[in-house]
Amino acid sequence: MKRLWVLLALMGALAFAQGNTITIGLTVSKTGKYNVESVNQLHGIELWQKWVNDQGGIPIGGKRYKVALKYYDDESKAERVQQLYSRLISQDKVDFLISPYSSGLTAKAAIISEQYGKIMVATGAASDSIFKLGYEHVYQIYTPASRYLTGTLDMLRAADAKLKKIAIVYEDSKFAKAVATAAKAYAQKKGFDVVLFEGYPKSTTDFGPIINKIKAAGAEALVGGGHYADGATFARQLYEQKVPLKMIALLVAPASDEFAQLGDAALGVVAPSQWEPLVKYQQTCGPSPAQFTKMYQDAYGKLPAYRAAGGFAAGLVLQRALMDAGTTDPAKVKAALDAMDVTIFFGHIKFSTDPASHGLQLGHEMVQIQWQKKGGQLAKQIVWPLGAKTADLVYPIR
Amino acid sequence: MPEILASVLDGLLIGLVYGLAAIGLTLIFGVMDVVNLAHGAVIALGMFAVYLLFGAGLHPYLGLFVVALIGLAFGVVVYLVAVRPIINAPPLMTLLSTFSVSMIIIGVGTAVWSTSPYNVNFPVTTLRILGYTVTSARLVAALAAVLVTGFLYYFLYRTTLGKAVRAVANNREAAELMGIPSQQILAISFGIGTALAMLSGALIATLFPFTILSGGIYELKSFVASVLGGLGNPTGALFGGVILGLIEGSVAPFIKISWTNVIEFVIFVLILLFFPTGLFGGRR
Amino acid sequence: MKLFARPFFWLIVAVTLLYALLPTLGQNVTLRETLVLSAIYIILAANLNLMIGYTGYVNFGSIVFFGLGGYLTLWLVGGHHWGLYPAVLLAGAVTSLLAFLLGIGVLRLRGAYFALATIGINEAVKDFVANFDPWGGAEGIFLPFTAFKAMGGPGKALWTVYLLIVLVMGLSLLVAYLVKRSKFGLGLFAIREDEDAAMVLGVKAPLFKTLVYSLSAFLPAVAGGLYFFKNGSIIPDEAFNLHLSIEAIVMVMLGGQGTVTGAAVGAALYERLRGLLLTIPGLSNFHLVIAGVLLLLIILFAPGGLMGWLYRAWPRLRRVLE
C-alpha cells in the first residue's frame, strides 16, 4: 500500500515536472447581486481542483494533468462577461470553460465559447432556453427550469389525491417565470386547477396584494417564488397573514440554510433543491455525497449548499469526460460528454444530444426538502423522492 | 368583496409610510429647489441604522428616535459637503452631487453589508379585525408616519425655527433681509429631510427585509408621491403617498400585480405633463 | 466641402480608424471586447451630450433609447427573421420617432421636472416590457444561433458587429461636431443659456428641443441593436439599466459637458478607470465609492470637466479640440 502511495506521489511529481496542466477558465461574481451564490459555487470548484490535484491530477491517456483555474470578477454584469471570456480564451489560452453563475450571464458567455468551439460546462444555470438556441459546446449540470417543480407537484398529488385548487405565484425573472410556466402546464396535466397564475416584480418586499389574491382565489396549495430575498419575505408574510394553505413550496429560498432564521414561518415550507448533503446517490465515480460533504466541511467549516456541490460536479464531469476521452483533444472530449451517462455524488448526469436541445441536462432530478422540527430544532428533511427521503412529508401544514 | 377591502386597507397603511418618505424628498425640494438623488440611499441607511441599533439591544420603535437624530446630523453634513458649495449652480449640478453621495453611500454599504437581505427580527402580533388580518408592525408604522408628520407640522407652523424654514422656502433673499441666517436654515432643512427619509426607511425595515439597494424602489415611489402631491408641498406628499398606496391596493385585485408599477410610472409621467404642480398645488 | 478642411473632422476619422484597426490587425479579441464597451460608452455620452451639454436638459433616462433599439432589433431578427442591417436601421428610426412624439410632451417640462420625467419614462418602459409577452416579458429575447450563422458564424458576426459599432461611434462624434457647428446647434446653446430669451430672439425652442431629443435617440438605438445582437440576448433589466444612464452623465461631466472631445474622452477614461478599479484587488469592492468621490470632486472643483481645465490651461486648444 505504502509503495503505491509513493508511486502515485512520484507520478504526480513527474506529471508536475513535465508541466502537464489543464487550465479551466471562468468568471466569478465576486461583487454585485450574485456574489454570495457565485462565490459559493467557486468554493465547490476550488475544492474539486484541490481534490483532483491532491491525487496527482487527472489521468488522461497514461499521463497526469494538474488542474489550474483562471478566473476574473464579472461584477454580476453581462457586459463584463463577454469581455472576460474572450480574454480567457484568446489571451489566457484556457483549455476548458466553466460558466458564470446564473442563466443570464451563462447565455452571454455561451456565445463566446461557441464562437471558439470551446467546451463550457454550465453550472448555476437552470434555464432551458440557452440550450435551445443551437449551441453545440455547452453542457448543463443543473436540472433545467422546466423540470424544477414537477417533483413537487407529483409529491402533492401523492399526498392528497383530492386537492384541486393551487396557486402558482412567481417572481418576474427569467428563471422563475420559466419554471412557473412549465409547472402550470404540468399541474394541469396532473388534474390540478390553477386558480391563480401570476408574477410579482423582482424588487417586491410587500406581498400583501398577492396574498390577498391567493386568499380571494381560495387556493389550497401554493407553489412558486423566485430567489432568496423574495422567497424568504413571501414565506414570512404568508405566515403572518395566516393564509390557510395545505402546502407551500417555494423556489430557492427554503433550500438555503439561512431560511431557518424565519423561525416558525419556515416550518412546513417545501422547496425543490438541486442537491442536499443528506442525499444518498450511489455514485459510480468521484466522492460519495457524504465524502464530499465532509471534505467541504473540513475546508470551509460549514455544510455545502447545492451551488457549491454544483461547482464541484462541474469540475468532476469535465474530469470524467477527459478520462473517458483519454486525450485533451476538444472534439474527443465533446464526444465523451455527449456519450456520458454516469451517477456522481450530485446525481445522475446525462446530456441531450438532440440538435434542438443539445447539452440540456436530462438525467439529474430535483429532491424536495421540507423544514421540519426535529428535537425542537428547525431542520431540512428530504421528503421526496420516496427512495431518498429522510422524513415523511408533513401535510397539511396549516 | 372583503378581499378588495383588505387590499385597499393594506394600501392605505403602507401609503402613509410612502408619504413619510416623500415628505423628506419634497421638503428639501421645497426649501432649496434641490432634488435629492441620495434619497433612496438615505432610506436604506435608515433601514440599516435601525437594524444595527436593534442588534445592540434597542427595540426598533425606541430606535426610531436615535435614527432621527442620526439622520439630522448626517443630513447637515451632506448638505455642507455636497450641496452648499453649489447651491446656486444650475439644477444639474445638485442632481449630480446628490447622486454622487448616493453612489458613495451605496458603495460603502455594499462593501460593508454586501447586497444580501437583512431582517429586523422582533416579535410581531397578528390582529384580526372583522375578518381583516393585519400585523401590529403595519399599524404601528402607519401610526408613526402620521405622528411624525403631525410633529413636523407643529414644528413648521408653531416654532420660530420652523417659521424661519418656511420663510426661506418662500423667498430666500427676503428672508435674509429679515435677518434669518439662510445657510443655517438650509442646512437644518436638509437635515430634517434626511431624518424623515431615514425614519421612513427605519419603519419599512420593521415590515420587510431589505438590502443596501432597497432604497431605490422607495426613492422612485417618493418621486411619484411627491409629484402627485405637488413637488415642494409636504401635505401633498403625504396624500400623494396615500393615493399611491390606495392605487396599489385597489387595482391589485383586478390586474396582474406586475402591471402596478407600469400604472404608477405612467401616472407619474402624466401628472408631470398635465398637472406639473401636482393634484394639490405645489411650489414651482 | 468645407468639412474636409477642418482638422477636427480628420481627428474623428483618425480615432474611428484607430478603434477599427487596433484589434483587427492582430485579431485581438480581448482588445476588441474592451474597446467595444469603450465605443458604446462614447456613443451614449456623445448623444447624451446633445441634450445635457448643448441644450441644458438633463436626460436621466437616456438609456431607454439604447434598450428600445436593442429590443426592436432582437425582436425583428429573432422573431421575424430580418437581416441585422435593416433591423437596426428600422429600430433606430422607430425609436427616434417615438422620442419625437414623447419629446413634444416631456420637453415642456424644465429643470428637475424634466429630469424626473425621464426617470419615470425609463422605469415605465422597463416595467412595461417586463410584462409584454410578445417580447418575452421578464424572460427577454434569446437569439437563435442561426442568426449568427447567417453572418458567417458567430466569430465573423462578432467582428462585423464590432466594426459597425465603431462606425456608429464615429457617426456619433461626427453628428455631435456638425450639430455644434451648425445654426441648429447655436439655437440649442441659446436655449441652454436662457430659454426664454432665446425664444424672444426667434429660436423655435419647442421644435429645436424636440428635434435634438429625437436625434439623440437615433444612434444610441442603433448601437443598442448592435450591442444586444452581439450579446445574443436581451432582458429588461439589462436593456433599461438606469444606472448606465447615470454613468453616461458622469462620463459627460468628467470630460466636460458641451464639448465633443470631452464627452468622448470622458467616456473612454471612465471605461478604463472602471476596468482598472475592478482588477486591483481590494479596490473592486470600492469602485462605486471611488466613482462617486470622483464625480463629487469634479462637480465641486472642476465643473467644466477635463476639457474645461485644459481650455483654461491652454486657451488656444479651444480652436482645435471642439
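In order of appearance the chains are A, B and C, and numbering begins at 1 in each one.
Note that in this section contacts are C-beta pairs under 8 Å (C-beta built on N, C-alpha and C of every residue); 3 or more make two chains touch, one makes a residue touch a chain.
All values reported here derive from a predicted model rather than from experimental measurement.
Judged by contacting C-beta pairs, the busier of the interfaces B-C and A-B is B-C. Among the remaining chains, A is positioned farthest from chain B, on the basis of C-alpha centroids.
The mean-CA centres of chain A and chain C are about 38 angstrom from one another, to the nearest whole unit. Between chain B and chain C, the centres computed from C-alpha atoms are 32 Å apart.
With centres set at the average Cα position, the gap from chain A to chain B is 40 Å. The set of chain C residues that touch two or more partner chains comprises 127, 130-131, 138, 285.
Among all residues of chain A, those that touch two or more other chains are 31, 172, 199, 201.
Of all residues in chain B, those touching 2 or more other chains are 110, 256, 258, 261, listed in ascending order. The touching residues of chain C, counted against chain A in their complex, run 28-30, 32-34, 36-37, 127, 130-131, 137-140, 142-146, 148, 153-155, 158, 230-233, 235, 237-238, 278-279, 284-285. Per the touch definition, chain B reaches chain C in the complex via residues 29, 33, 35, 81-82, 85-86, 89-93, 95-97, 99-104, 106-108, 110-111, 220, 223-224, 227, 231, 256, 258-259, 261-262, 265-266, 268-269, 272-273, 276. The touching residues of chain A, counted against chain C in their complex, run 30-31, 72-73, 75, 78-80, 82-84, 86-87, 89-91, 104, 107-108, 110-111, 114-116, 129-130, 133-135, 172-174, 177-178, 199, 201-202. Listing the residues of chain A that touch chain B in their complex gives 31-33, 35-36, 172, 198-201, 203-206, 208-210, 212-213, 215-216, 228-229, 232-233, 236, 240-242, 261, 263. Within the complex, the chain B residues that touch chain A are 3, 6-7, 10-11, 14, 110, 114-117, 119, 121, 124, 126, 133, 135, 204, 207-211, 214, 216-217, 248-249, 252-253, 256-258, 260-261.
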